[in-house]
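For reference, chains read A, B, C, D, E and F in written order, and residue numbers begin at 1 within each chain.
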């Protein structure tokens, strides 16, 4: 299997049980998650050597995050310790027509206040087969943005493939600032993962969202092609979520590489147990497919099936095995009891 | 915002968690609810000054009900204290083809044994912009019926609009008795809220339910028109629930006023988290719309959207904000995570 | 009502709450279940005298199983005490495309190590109106298989009708061994309950599954007819589950007796609260219908409706009353609140 | 073992978990309990045939109470069904210096509204070896008092020993009324169980409580002697609780019979898990001892040890075995793990 | 009753249930608390008009804090809304020899970043009878310190008594800084509440802690006297906690005023349910006593009993009534069930 | 830090929450534990490289056990996978006079059916500084006994110190068989850990338990001395538990080495949160002390304090840090909140 390094933030996630609102529960479920950590956990579960690099304060809450990552088989030995606090996000899960609700409390987190010089990238990436990060990390602070960029640059220098999931969060930064930074980062990225909105809003590829609402699947190949032309990506994956309600989504993706395009199977997911981390589980599935040398269609199919299953699992982490994903790829989505 | 007074019963609600049957759980979830109290909580949540008038015994359970109402911003200062006990209802939530089940234990409650003379309506209604009650209150006892009637009469005398939600409960009284009382009360009501069954069964407006089963939406304007003609209501709202199963309902409403009729949007709600209080949340939404001077279509749209969201919220109370309702009215029922 | 005897294993069932995976929960829900015990509980709930015969060790866990059966009205006085341990099964409930997962820990259970001589069948069956067992019991061990066969033989000798639910479990025994034993047992069975797969795989009735996948309903009468011809069954019931996903199933059945065939109503069940025990609740419903002398269509309708409701109830046991089943048979699957 | 009949009320008991106050918990633990029902459960657990006679409404909550009694092995076949509601008591468990708090909601319960003629005592007591009731039953209503008295009278007539636990509850009736009724009932009682306060307050045996506070143990023999002389009891048991705090009690008892007195061992119980039902478990232990022919000291020792253990068990019911009680009688209160 | 204004921070409190460590629980209990908020809740519970002044961000978590305060009857209308985040503290409850553990995450909270000019003290204190704050507020930031000082100064100017609880937290600021600020604040304080350590460490009153460890009670009058002489306080209350273990504390206090000293009763508290807020409940009890005109001994007795009871209540808030406190003052700490 | 290898069984531990009996809870808390695994977790928590060697089946339950060990930092890479099942123990926690109760379901576990040849001890112990096992492992089966013996023999050959905790479990084997095996094993043991009962019952050192009950502490040095003389141990640790009740124990130990004896501090532990694993946490503490070169008194003090703290922690594992243990050694058992 491959050795993969992911860099980003892991947060404490606090959510009322079930579909309760914040004001209705005397307990909050405690979990941990964050774009790149979720990818690392998925990849460790698929059997890879997955290392997660971040910065966490020296307290019992952060200790607990590390303990959980380690339990899931993630290599946590490169995590820096320091800073005042760990980021938190409060999540209220929606249902039917009621949307899920996130309250971020991640300002001043240890990684947002990172000094890029603390990270010795050549050492962290030694022997690695893959480097992954997302657009959330550069949104956290100038320091975090520089740290991510240095990681990507170093990986490119060492010939390590770099994947990047756009993940634009409007609660974290303005579109203008995001555009500027993400376009600059594109130069260090081999595999881009995002949605058609990102193509238009961040990378300036005209999709026509304003006019047409959700674009037809038929437009996806063209969008991907233009991204490849504009930024020279090795591969471009565009995920597609159709939000019928908070409990029912359509989910699929398109992948373009080597001048060809591949459509993934479309899943109707109902009910959704937890859609947070859906995109991350796609990234992890794609990295798994590519890093293990599958052909593009197989890698995409694995990625879409993995992320379909994620929606049935509580928490940010996609706790599924390769065998489970492959069963779904093979056509068994009937949910029959295995006994 | 407006000052609204609601009068009725608030009960202790005890329900096994999730979809468990009464015999399956060693704990019962404890909440409070009742038609008029639910309306008061909704309206307080929408920013109104909402006062709830009732009678509760002097014990810790009733104290807790008051504490919760107060927490939701309801004015509880006019609640009378006395009587032996507080009404209880046990609720077992159904799923799929299994219906929800209510066991009432509300006989001999403090409000059922109210002496109407305890209520000084002119003082309670001083400065009020709206008075609301439902057909559950007169079903509780002769005293409660008289108290409600005196409230409505006093409101009318003071020029305060009166809304009334029919809410016929066959476990509480016979159809004959209900008809007699509710027809008498109609004289004091400006805004009637109910279903087409109520129009036929209670108010004698021939709908043809027996022959045709669920009547076509096309009949609603005629039914409303006849109610207006017969009783002189200012407005008539008819809600429409299509129970596909305990987990999946269609939900909409029609509103007639000033000689015109308005159809609300129809929502397919799936899964239903809790449908108790659905009608009350509609009443609150309509009162909000009317009391804030919206036009009839806007008031109806707000009411239908508010009550659609209620189905996604556990408990009797509709814990949503005006902004959330307006987002749904504006078309966003996709349940996308806001982050 | 009738006196019914069921023989088989009851296990401790341990499952993470809701849709959590095994690794996600610090608690496991503790329940009890097993094919024949589930049938006994259903029948006791329908008002019959239902006795459950099994073998359980002398410890607090088994004591608890007995206490629960007794609470549900099952006669537990014939349960043998001895052996080392009680079987356990761990159940992880799936959702959407993720299948439920069973981990069996039932080897070396008290009943698997039963000495058939411990059971005095003439005494156990004295006065009984019905004997029921399933294909799980003979799969447990040679001793359990012989004990079941002796029970069925004795019942036949005493003129007591015998029903048998095929319930083939590939984790317990090979198809070859299952075929050999179940064909031998067929000689003692009056009423066979199973699926079309069982007809083909176990009883050698060519259905054409390999070629066509799920066979058309139109083929069911023919399959049943051939089973009757081949084995001389009094009645053959074939259940039909369409697994759209772990959360959504179609459910129906066909019943053949006296040269005629009867189709049950088809239910779309969504969401499924717990599908374990779905087949057992069908068996219990059918036994209820037949033992109370209903006509075949009515017996089948009761059985299908009973098992439809089971899917909305957590745990193995179908905790519904005759009145609830009959309401669904009568057409009320709307899930409306009764109040 | 013996056949024992107990008559009284069983209530739904609702309590916040742990030491939470009523206002602090969104769930209430649901259990069932009541003086005589608790005795019946204890005795069934000790292996006796224990029948519980009461009156309960026809609803799912009462059904659940019956299911639990039956699970614990109590014969529930003589329970009358009718009436409007089942009594409820809300219990908030104290800790340290904070007392436990009971809110009764038992007015108008099915048994309070019993018509004594509904009970066919000669049939109910046929074959019985013991009849037990407490001073709570006559406090419920005139009808309940008469029903209890008729039960006791009938038992005496049939030569069945009658035990009576005074259990004076000041929230249910006045001291005057209690005195009048309990003195009258004393004529039908063989075995009296109570405290020294009862001797003085109810039965007019001067103890000197006002002057001295808690009386010295040395006074107990005299008090018991005077009770025997005044009312002709066969045996008198006086329990002694020293409430150091809600979490720490001393517990013992004295028993007088045949002109002799016996002191039980004194236990210091810390922490108390649940002291409700402590007295009932003593009654059950004493009945067990006497009905199985133990000598007075052995019967008393068993009773005190059984009730000591009750304090470590949540809920009203004393879920301990004879072996566990005997181990404590034998001196093992060390709480060592058995493995 | 009196109108009391308290100013300070209210935090989200997150704690694993029971005695679990941070790493052991998938849920955290969610509550709210903070020195001055706790005092306000206590006083509202005692029947006073208690207003709490603070600054909280505009998000659902803060909304929930406000809802809870309002539910407990606290006037929340003067709470400022703004800032980035609300302070959080994580609490792990110890047991026996294991200490409780607090992880603060309160940096950058809305109140720490307050601009003192946002508070219009003359308006906030209009009509007030008492002003209370603690040494935690000035520890938060320079702005918070100034805001508190301005509040105290304004109160003094308006002739409103000011009470101050020293509450030195070494995790928040250095001893040097604390000394400087608290000595300056002493000029505006009428009633000082603290421990003998505070007298020595903060106010420079030599107690001899280093030499003797915990000082003898006999020294308390002298310490209080010197504090009065040095700073001119109207009253000085010194609480005394003897930590035998995390589960068992001794608790008492001494109060000096008008040249006389008063000793409170000493309570042994075992087990401690939650000792957080113990000091705050004492402050509230003392303010209640003084503001309602009790004599010093009675005020002190009420305060010590109130805070004794607090230790039996989960969460920061002391949810007890005046009647419950008075029962304990009157000598009933036996924890007997009231029924 | 040191590299430590422990060999033995890890079981699934299932227990009702709090003090509930097996029959009272619908959920069982799921944890993992076992003598040697507990030691490995402790040592990993103290910062050592702790490897745990065992045999576990290939299923999700065992996977979960491994995940948890790995989360706590234990090296699980040498765990063999195979066998039918994983051992289970059911634990009901006692309180006050009621003892805790263990139901073992560990027969036929993967490790009990181990083939000693599967373990390549020279490789497993390469580079190790310590080898630890207990008397539970040889009690499981002949194969497990031989595997343990080969591990100890190999360690001795490699010059690695071997510690052995007697842990005699009468539910697993007879005293005769235990004696025979444990005396044989003594030849490979450097450090013996046990109680005075073990010295007498297993190793034939006359203590006089029968005559005197619990022997005086004064006898401990003599007992240890005779064990050293008889078996040539490097060190002998004798723990001493005084079970006042299930909730209150005294706890201390004595350690003899190099001809000298050392007494540990005696702790009164009240309340006990969980005493399972108390002895294992002592072993881990002693190994920590010895392996880090502390002097005997310091090693013993650390071990006794570590195991004292264990009693306050739920589950088998002693989740404390070196700093927490050292604080208690340093005298702080006051349980004061650190803030």
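Here, contacts are C-beta pairs under 8 Å (C-beta built on N, C-alpha and C of every residue); 3 or more make two chains touch, one makes a residue touch a chain.
The model shown is predicted, which means the values in this text are computed figures rather than measured ones.
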| item | value |
| --- | --- |
| Given chain B and chain F, the chains that contact each of them | A, C, D, E |
| Equivalent interface positions on chain B and chain D, same or different at half | same |
| Contact-richer chain pair (by C-beta pairs counted) among D-E and C-D | D-E |
| Chain separated most widely from chain C, comparing mean CA positions | E |
| Between chain B and chain A, distance of the C-alpha-averaged centres to the nearest whole Å | 44 |
| Whole-Å gap between the CA centroids of chain C and chain E | 62 |
| Junction residues of chain F, two or more chains touched | 18, 23-26, 67, 101, 271 |
| For the chain C and chain E complex, residues of the former touching the latter | 24-26 |
| For the chain D and chain F complex, residues of the former touching the latter | 18, 267, 269-273, 308-309, 311-315, 319-320, 324, 327-328, 332-339 |
| Contacting residues of chain E [partner chain F, same complex] | 18-21, 23-24, 94-102, 104, 169, 171, 243-248, 271, 275-276 |
| Footprint of chain A on chain E - complex, ascending | 14, 17, 22-23, 25-31, 59-61, 63-64, 67, 84-86, 88, 90, 92, 101, 103, 105, 107-108 |
| Parts of chain E lying in touch with chain B, wherever the complex brings them together | 67-68, 70-73 |
